């Protein structure tokens, strides 16, 4: 009889430990991750060619974002962090919706794709007592930046345009071309842009990519100093909707004139042009910075963007370039031309510059495929590429007298939009990186009524107060 | 009594102004205009001509049955998106003006068949589509606008159309 | 004025009407000769303000006065009937005052109608020819009924004093007057109903069946909606008149009478306004039935934001009514006991109004839109119809409770089961509000079709049942109750009267805006789907311009009404001196 | 900054409570307004902050309502006006009067006038009609499709529904996810670059309110189909009639309803 | 009776264990009189040893470029095809495959030295539970990227930077199988390492001969790997106490990736 019980117990138990591999991880993975990471976890999902960088291939077993030393598998918390916070600058979103158990099951399932990698118990590095940022720590970091050869890949100003980056075998383990990170754009850093994240990236390295681990070659202080220096390179991104153009006496000719630095700026987040054929799903440029000023008769607008490899149009690739778009008439009501290349009833002005001929050209567009150049060219443009950063200044007179051109007016919100091209990805014509409508406003000299009205109002209120006082005090005495 | 009536008027006027302020400042100010009735007649602007052309191509003309918007594999007729540029090149090759080439393509399609396609199109001015002369010009203007600067206009291009019609021996 | 014999009065009225009609026909004939021919698609453009704006102002003024002239008699006859039944002289006097009001207003309404009758055919000849072709006969019936109305009206007014003893017949005449009024209402509603939801005509506009052309989708619901609105409007004007007289009253008893008159008419206005949302809902359903797209355009498309405006206005009315009732608690002996409830009621109405005001799609600036996406989770929830319905019902319930508190504040129930009665009342109130709130929350989870078709009607049903039950309970409980003291009529601060006037002004303004929306429903057509409006002013004006025009109309309307009130006061003073002299 | 507002709300509450004891309705009124403002602003802690326009509207309404509330009873109203009357009239309050009425309030009024007249650099925010009414029918590649009253044809054959949804998922992740988000929450890779931002499909405000044929029209016609009231010139929604076939659009609609857990609205 | 009970429970518990057992590939066991394998690897014909051209890409600051040119020179002998006059091939990895059990692997760290812009040794054997010792004896920056060779991809195991001269990094040997070592700073540097759990691996000396001792008796497959020749696999039978001789001639050559990297 007891044997019977034992057999039953045995049968009962076996499915129990089978329970450990229940399928919540698999179900969630197939429903929400497989479209990018592939049903076999090999990164071959059908959304692959619409993403840049490519989705992770788990079956290879190499993980970039870890808190464990180079060579060790990531801890579960590492994978959970990637799922929970996503990776900035990639199309891996932050999955906040799932419960902790679900995410744990998901991590177990992901680890099943490369089981041999997870045999060892990794011990994560310790990230604590970060020294405060001081002037000399950053200077020390700058020195280390050269010694540790970061300069070779990440370039002098950390824009990811180092010389070594352009060898054709600069690939990652998965066989894709890879660009060194651009430290100045924190929103693009995949592994996070906080001081701790940078320190962690330097220490563990991103295995599978040329980014090496410096855990053994640099001491903790050195790595903190390096992290502080890299953090100091980050640019402050000012997202907004409108930009004020200050009135000045004369327009500075060269792009690195300090006057440009003092101006207010606006950052335009960019996205691939996915509305008209040919659609562009994998752009690399993510931000264009706009500054501007105007004089009595001229308007100057400077556009600035990071492009890791200059294409002058002579290397078999289309040249890098940028296109500034204005409606041909300042819209009075809320009706405006379509934000990409206008439409038949509302044409737009295009000011075009490209790295090949480095001069400004003017076009009229009435839709993405009807673009023709203007007889009378009035825009002058000068562009400079210095260490990964393009700076282009467009200059045009406020009223060119050409009926097809927009006439700028002070104090009015004038819509503008930008399209930028990175020759390296064959971007030209409609295949480009676009922005929505934003506004510039030529700052008017404060109108008279701003000086007259407020004093008048306060006087009136004063008078009313006085009148009330008189009436009430008379009533109080009576 | 006098101040009572004064306050009364104040309340009436005040409330009305307050409601007008809400109406003006609080609600979205958009007027909705009727769709513009544009007819093909003397002095029609090129833009309106193109708009009518587009309506005919995507509506009455039934062109979309064979002509897809974007080039795709196994399409039975040239894609519309870049037809303006393509016909310009063919016209240059054949040594005739772009307008003439476009009218030919509509009035006697078998005259210029782009390579890779066969002669399946019926003349646009004959039943079942039976477009009028004005409509033919509008369609030609729209096709030209897909990639080229539009030079066709009404009624100036009528002469070219008539001449092409005569050559084809059509009505 | 009252001394004239009935015959003289009636003849005066008919002469006045014939003179106006005749003059307008002559004028029409002359202008048609003098003015240049209309454009070939049948329009003459008024130079300065444009023909559409002119017709809009005149029509709206005529409509406001028509509502006044058709609404007040209903109210007056009921007052006379109650006065007769309860032999309460005050009720009779109030009925007489109102009859005086609308008799005087008659001439003004007729004048405006004449202006409209002249300007419409001149400015829109082709459209009027089409309308005459389809609904011509109803126009002549309309004139006949107008004569009938004038005859009965003057007879009813001038026979007031003489038929003091034969009140029964006199009330019957009043009822006949109202029937005439309703007939006129039906005829005019059929025209507007035909324009917005045409029927009985072929595609090209040829008449197929005249009865179908009259009995269109919108005919009955619109007439019903207008009828109730007229009563509310009539009572509103009466309340405004009472407030005006209260402010300008010299003696205390005059002030007491007009305070009482203001109270009664305000309560009638609000009482009937409870039904308005129901009928408005019916009208909406009929429009959806006629044409889905017109329904969506009115509800969700171009006019979506106008409902936010309506919410603001009705909310203001409810606030004013409650304020009036709470202030009048001061003058009720024993009213102090109930003040602790006022705090609670105020909070309920305040929150209800806040929810009601929450716009569904808020104009977000770009940063806000980027940060929270185009939908604010909390505001989105509150902006939806489910929460709005619940807020409306709860606010109306609170108003009814304020009304009930006022009515019983000076009485002490003596019935045996007082304790249980109070318990039942609390149960009723709490129970129904919990039910309404529960249904409101539940309707979020349910697909929208069940919410519209099932849950909202149930909510309204629960609300009505609760009100009826409360009313019965109170009347039974307070049968033969001990009266602590008579309400000290007239002891009201002046501010309360401004609240009354505010109610009427807001209501008139709302009527104007809703007219703009109804007319906007047919977009760019004179007759929807059949006759296109090809005049240069064929676009739908923005809500801003509409508000400006409606304000002009309302201010003009109240100037004319002030003129009527002033002339009545003048006449009364004059007859007093003559009687005294 | 936002965690400062609950303190403001508590301060307001304290003021009104004290004033209730000291029986001065005027300060009670002031206390209540501060509390309301504090609460509205500190709502930003538990949910996205309320937009500026909504807060001004609520504040205006609360001032109007409480003014009315305090004017109900005669004595409370007189007590309410008393501080103001005293400052304006009484002899002993002269310095307070000079400071407050003759200096502070006029300056405040002047500042408000200045704020309103100075050239503001915020561009005009035009309210956009988010759910415009759909056209009666659209022509899709030469074939007219009736929008009003149309149901999703694929939803009928239930046994093939699973594969349709799977194909719809493939289409979604090849055409839509980079704007509308992997998790259909409107936070895709390109979402931040477009204004207005792409719609989320989760939540009860977007597709849950719409019948499927409305969504079909929006996908097929994209920005081109929007009426002027909905600012088509800003919308980055491509017209998918150029890229997808009719059946593919119906399949992706099936997917987004399935994945977002919303039910389409049926034509009643 | 209780013993039976325990037995069943344990067996039931074990059922999922094979899942783990699969992972433990090699059982260390005492080998009393194991067999030995010796042999010579010859090449069919003399293959000239290529010379790798070195092109130093300009660095950010010119001083560095000069330093690197001085350290690495402009070309380097590939030392790929080291074929002795007896046609014996050096640096051939002889790997006994599918060994289930045997002696414990020796405790011997493998030193990988970056010296004169090349890795020393070109081919090495590392044993699990001992360490890689990566050294940088050049005055210039090296970074060592050690990755396991998969079908057409490579899985990076270690990716270490060695900026300073004389720098030494020790890392435990864990992953087994054939590894390829590269330096991201100098594309022409290469090395091959076979990490194994068991001692039965050998590298041929300059005469092409090798010797593997104390193999537990049984049937094995022996793989002969050389970067320049196609792999050759031989079946052998090891009898206790005896030495089996295995000689192989490598005929078909192949082009290792380093040659395409330097553009040959």
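Going by the order they are written in, the chains are A, B, C, D and E; count residues from 1 in each one.
Basically, a contact is a pair of C-beta atoms (placed from the backbone, for glycine too) under 8 Å apart; a residue touches a chain by one contact, two chains touch by 3 or more.
This structure is a prediction, so every number in the text was calculated from the model and none was measured.
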Contact-linked chain groups that survive once chain A is dropped from view: B, C, D | E
item: Centre-most chain, if every chain is reduced to its averaged C-alpha atoms; value: D
item: Longest centre-to-centre distance from chain C, chain (CA-based); value: E
item: Most remote chain, CA-based centroid, reference being chain B; value: E
item: Most heavily contacting chain pair (counted by C-beta pairs in contact); value: A-D
item: Centre-of-Cα separation between chain C and chain B, whole angstrom; value: 49
item: Centroid distance [mean C-alpha coordinates] between chain E and chain D, Å; value: 65
item: Centroid distance [mean C-alpha coordinates] between chain D and chain A, Å; value: 27
item: Centre-of-Cα separation between chain E and chain B, whole angstrom; value: 71
item: Sites on chain D at which at least two other chains make contact; value: 57, 122, 126-129, 185, 187, 192, 195, 227-229, 242-243
item: Chain A residues counted as touching two or more neighbouring chains; value: 239, 241, 277, 334
item: Multi-partner residues of chain B (at least 2 other chains); value: 26-30, 32-33, 70, 81
item: Touching residues on chain B, where the partner in the complex is chain A; value: 30, 47, 50-51, 70, 81-82, 84, 145-150
item: Chain D to chain B touching residues, read off their complex; value: 57, 126-129, 139, 141-142, 227-229, 241-243
item: Residue ranges of chain D touching chain C (in the complex, touch as defined); value: 43, 47-54, 57-58, 61-62, 65, 68-69, 71-74, 77, 122, 125-136, 148-149, 185-187, 192, 195-197, 199-200, 203-206, 209, 227, 229, 263, 265-268
item: Sites on chain B touched by chain D in the complex; value: 26-30, 32-33, 58-59, 62-65, 68-70, 81
item: Touching residues (chain side chain A, partner chain E) in the complex; value: 2-3, 6-7, 9-10, 13-14, 17-18, 60-62, 70-71, 115-117, 119-120, 146-149, 151-152, 155-156, 162-164, 167, 169, 173-175, 205, 207-214, 216-218
